[in-house]
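Pasting in a structure now, in structure tokens, and then I'll have a few things to ask.
Order of writing sets the chain letters: A, B, C, D, E and F. Residues in each chain are counted from 1.
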Amino acid sequence: MKCKVENLDWVSYERLVSNGDRKIIIPVGAIEQHGPHMSLNPDVLIPDYIACRVAESAQNMLVSPPIAYGYKSQVKSGGGNFFPGTTCVSSQSLENYVHDVILAFVEHGNREFLLINGHFENSMCLVEAADRAVRQARLAGIDIKVILLSYWDFISEETIGKVFPDGFSGWAVEHGGVLETSIMLKIHPELVDMSRAVDIPPAEFPPYDVFPPDPSWVPESGTLSSPLKATAEKGEWILEECISRIAATFR
Amino acid sequence: MKCKVENLDWVSYERLVSNGDRKIIIPVGAIEQHGPHMSLNPDVLIPDYIACRVAESAQNMLVSPPIAYGYKSQVKSGGGNFFPGTTCVSSQSLENYVHDVILAFVEHGNREFLLINGHFENSMCLVEAADRAVRQARLAGIDIKVILLSYWDFISEETIGKVFPDGFSGWAVEHGGVLETSIMLKIHPELVDMSRAVDIPPAEFPPYDVFPPDPSWVPESGTLSSPLKATAEKGEWILEECISRIAATFR
Amino acid sequence: MKCKVENLDWVSYERLVSNGDRKIIIPVGAIEQHGPHMSLNPDVLIPDYIACRVAESAQNMLVSPPIAYGYKSQVKSGGGNFFPGTTCVSSQSLENYVHDVILAFVEHGNREFLLINGHFENSMCLVEAADRAVRQARLAGIDIKVILLSYWDFISEETIGKVFPDGFSGWAVEHGGVLETSIMLKIHPELVDMSRAVDIPPAEFPPYDVFPPDPSWVPESGTLSSPLKATAEKGEWILEECISRIAATFR
Amino acid sequence: MKCKVENLDWVSYERLVSNGDRKIIIPVGAIEQHGPHMSLNPDVLIPDYIACRVAESAQNMLVSPPIAYGYKSQVKSGGGNFFPGTTCVSSQSLENYVHDVILAFVEHGNREFLLINGHFENSMCLVEAADRAVRQARLAGIDIKVILLSYWDFISEETIGKVFPDGFSGWAVEHGGVLETSIMLKIHPELVDMSRAVDIPPAEFPPYDVFPPDPSWVPESGTLSSPLKATAEKGEWILEECISRIAATFR
Amino acid sequence: MKCKVENLDWVSYERLVSNGDRKIIIPVGAIEQHGPHMSLNPDVLIPDYIACRVAESAQNMLVSPPIAYGYKSQVKSGGGNFFPGTTCVSSQSLENYVHDVILAFVEHGNREFLLINGHFENSMCLVEAADRAVRQARLAGIDIKVILLSYWDFISEETIGKVFPDGFSGWAVEHGGVLETSIMLKIHPELVDMSRAVDIPPAEFPPYDVFPPDPSWVPESGTLSSPLKATAEKGEWILEECISRIAATFR
Amino acid sequence: MKCKVENLDWVSYERLVSNGDRKIIIPVGAIEQHGPHMSLNPDVLIPDYIACRVAESAQNMLVSPPIAYGYKSQVKSGGGNFFPGTTCVSSQSLENYVHDVILAFVEHGNREFLLINGHFENSMCLVEAADRAVRQARLAGIDIKVILLSYWDFISEETIGKVFPDGFSGWAVEHGGVLETSIMLKIHPELVDMSRAVDIPPAEFPPYDVFPPDPSWVPESGTLSSPLKATAEKGEWILEECISRIAATFR
């Protein structure tokens, strides 16, 4: 994949970034359970895939190695941090790591960044990492711009209607459900085993959180809604929309 | 106000908490602009008011001094951190401060906490502060329980229907709008001047964030929707529901 | 109270601070036992009260929300961190929090700050917070000035003579004694119950500290000297002198 | 690849690790220039490849997602941190990130870890991350064991003799030279372009370091010795030895 | 000097500390100007000297290498951090360094510590270092005891009367004055040149601090009172009292 | 010793550094066991001695107080952190402390630094401290230069041949062996007792590290090779070469 920074040699990379108008996309995800029917890495693979497709389409972008370990999974958005396989780091570790990566790319002359997030719980950590990186660069007399997006925010209501013809239960319970499973069926079918998908009604939660989390709040399967109606075709609809809209916005 | 820890002498406080079943409510807010018609402190005063009313109603609770300075205001939820008067701290500062306050109360023998949040942007910082406090107490052999809630999550759809008879534009744009203004009209009418309220359509934002933030994205007034239809009566409806539901849940 | 930043709307606040000559007063206190006869918050309420009175008198000042949780109480100045109700944070948490608050006000264009301290143990944390804020602002090309004072340092020997006609036992044992109690009787009589004040001789301590602290060093009541001769009139003498001298110095 | 934690669903993962005797291998690398003939990721791909082969061979091991961004490249071991494409983080960021990842796997019940390092400069950061993780787990009453190795330490003198029949210039200048290039030719020939390899004598350095680094110390190509005699066959010799010895030692 | 940990071989050290009743004295000082007549190290040399004499006298103590770089000099106690030669570190650096040193000695089986401070500004950093070390050891199930003292607190009023027959100007201005100079004349006469001592009246300061500090507040010489009446004999009186009282208290 | 910063008064120091061309040498060592025949401080005393000799020879250098507590001893280079007497700090504590010391000297106008390291394990911490200090000074518009060296890297192969006429077992096992012992016999014979030196073959270690460390890997004496053939004369050869080469390089 030519869009990948890591696959370039440094001379080729330098040639691409030397005039300072290249945008660096940094996918940020998580290693987090997504039900018995799917691997632990959708939050990494999906933003990484979108990043590459956007970069190929937009031509003035490069994709950095994804940051795989994200902020702690929360019960009501990711099932909770107590599931085997969910492997997360603290907010300070994630913030500092992302902050440093942005500033390392700044040293190569890059000035624009796209953080593509695949894990809801990362959001505020990425806000802080971006904000601090912008301020730190400013102290050195350098103005940078960091765009932060979660890919699902580029899915239109129309597409939601197509993907969920029987009604959408809401973003809050999409963890491991039709949306993520459909995308994975499209881009990594080998990591999905629909025969093990568990049919459950959308999870319902009280309007607060508790620490330490209470595992009995979460469906046993770990997904927050049923992935049974996921298909690769739906995944394709979602991806094409996200990719084309993101590329169109930031190209 | 008898519910306030800070107004007690230590002997009276000790008597109240000595059997370990008292719950400590910690209101957490922010100093953040809420439009030209309202003071900078609704995010502090509202959770503090709710906390006291819940404590009075539930009788086994005490309210700690609120934490006034919260995490950095974001464009799409609070107008952005660049407004004069918006006075915010970094995530690490907020997390560590809240973490330490919880553990200080643990040293007095308290084991249950209610963090009542009044500022959306604080959410993930409070998650991390609570999670770390629980783990740190555990290392010392002490099991504590921390409930984290944002008061607006206890408002029912029915009440939303009553407060917004012409339709609800969504939580995302409620910053400085009918909801917060109504509550402030009820509890601190002296801090609201409806003659200065600015009528605007609900703000619309692109599906991403940018750092440094772009002030042109935000309505000049700083609110994200119009506060014009706010009334003290609506404030009362909202508060009564929040207070009674929170008290009923955690009593 | 018009002097309070938090009670202003952002447009009014901006108008006041826009020419950059406004001084921001930040009261910093602690939640700490002050004997069975008094609430836990004198170290917050006293500097906050003085700040407002100074601001009203000097006219070019505004008062920020006080920082309520301070550095850990020490045996020989505050009775020690083991008393129920004494609720303190680590030095790093306090330093970082205050540092961030100062720099947030710098972003609004403010350049001069008055930290009014009400809790002896905060002193060196505030030194470090001020020093780091000055240096950090300097990196961004901004010169700020931070004044740090503890209000009791503005009390003259003459006033001490009037307040303690039978002889002054020294600042070291004034915790919860005549001085703080008199001020509280003046500004918050509802938080003092002189019928519960305990008469003790001034505490005596060895010339060193021990960690973990030894509770047997401290009078059972938690005060370090007797508050019995406190009166609201004495409180008025002290306050008037502090307020007029602070206002005269920094106006 | 079945050895990869991230490719498992959580139920399968839990079954594998539930009796606590599984070893988790964490590859740690860097994004760092390796000359004009090779991509930026050998330090990630090589330990990740070795990890998977070891895990397949040993059968009681699983491989975690590699940590891609490592500690700052140094002039005398990696060419220096100023090369375009070299994208590194601070020691504290790397230590904290790795520390958190280890402890997240501990929460799943794992007790043994193999950190396989592919980037010399990471060494002491991994020492500290491992040491702190062991101590932190101990505070929670859990004994863990962390093995730390750099794969090149498993290459025998005999193999060195075969790979460098004309004499070995020493480990210090192997950056981007015959050793790493040969391995990459074996496992990722598509990321090596031998036609762009630059023939240089082994770099010579003074017996000290200087900060900021002096680019004139480093060969223009960025490698510290000539990669020209690299072949996939040599890569195979090296890998087979590393893999079999590591597997034999830790199986 | 047999009292010095660093001069022992490990086998001899182990024999001394193996029954766990040895006390470790850690001198903590600063590199700070003390006027044109004296070297930069009195705050290190004096507590180190006292530590060794106490250890020799008490017989169950050992002295660790002194910590030479202390917290930032303040105008009113040390002349301020802007003097050439005054070489100080941040509070967090000092706290963490001392904290780690204490806990390293705990790993050898030691349970009692004496921090002998020679630099006023270190005081609260040492409080925090001691408090955190005690808590951290406690998490590991180990109870330690840390005594913190500043040597001058062991000087009696009687001795003050003898040293200052013309009246004592107070501790606040003793920086580089008769007290420290006398001690240095006794223990390191080669580091004092009385011909360069500057005669000044005791410094007077306003009752607040300012950041950045204002050099014009400080006497040009850097001392806060006149050292002219210092003699080695006075130094001996002071030292003998400090040493005998400290030894008697902690033996 | 006139080369020592700490022994100067501030006026003399200022005169020496005022034109900004003075180089500050900062010796950094460790308190670490070096066998039953030698004290715990060779890693401090040796770089401090070399620093003073270099400074005397080069004339444009001054030596700062050495930093005595270094990074945690490792099994294969220093015997491991579990030996009684080995007294080490974390990487973050060491990095921050050294970073602050460098920047304090920068405030006096100094722009060039020589870190002379005496403890292998400090190396990467000093890299990070130097790198961060250079960057931080740069933010303030100040360019500094930090040289980092470990003294043993200035010993020639010829001298090694003379010191080890029967063959050199390699740097890796020189801990407490002929090299360090010879130097100590030359500069501090009172801290070496050759009658207690233990004769052992060079230690052999597996090609990896394990945490927590396994004491059975390390020779009981704590040295990694035999010190028996150490002599003061050999120490003199080594020192003269190091001193003359370092002085010649940086003068």
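The rule we apply is simple: contacts are C-beta pairs under 8 Å (C-beta built on N, C-alpha and C of every residue); 3 or more make two chains touch, one makes a residue touch a chain.
Protein names from UniProt, one per chain: A, B, C, D, E, F = Creatininase.
Quick caveat, the model's predicted, so the values are computed rather than measured.
Between chain C (Creatininase) and chain D (Creatininase), the least number of touching-chain steps is 2. Of all the chains, the one whose CA centre sits at the greatest distance from that of chain C (Creatininase) is D. Note that among the pairs D-E, A-B or B-D, A-B reproduces the C-E interface, with over half of its contact pairs the same by residue number. Inter-chain spacing, taken between the CA centroids of chain B (Creatininase) and chain C (Creatininase), is 26 Å.
Contact of a single residue of chain F (Creatininase) with at least two other chains is seen at positions 81, 90, 92, 139. The list of touching chain pairs reads A-B, A-C, A-D, A-F, B-C, B-D, B-E, C-E, C-F, D-E, D-F, E-F. For chain C (Creatininase) in complex with chain F (Creatininase), the touching residues are 138-139. Looking at the complex, you find that chain A (Creatininase) touches chain B (Creatininase) at residues 71-72, 74, 81, 90-92, 95, 121, 123-125, 127-128, 130-134, 145-149, 153-154, 206-212, 249. The touching residues of chain B (Creatininase), when paired with chain C (Creatininase) in their complex, are 5-14, 17-18, 31, 33-41, 44, 64-69, 81-90, 92-94, 96-97, 99-101, 104-105, 107-109, 191, 193, 196, 222.
Residues of chain A (Creatininase) that touch chain F (Creatininase) in their complex: 139-140.
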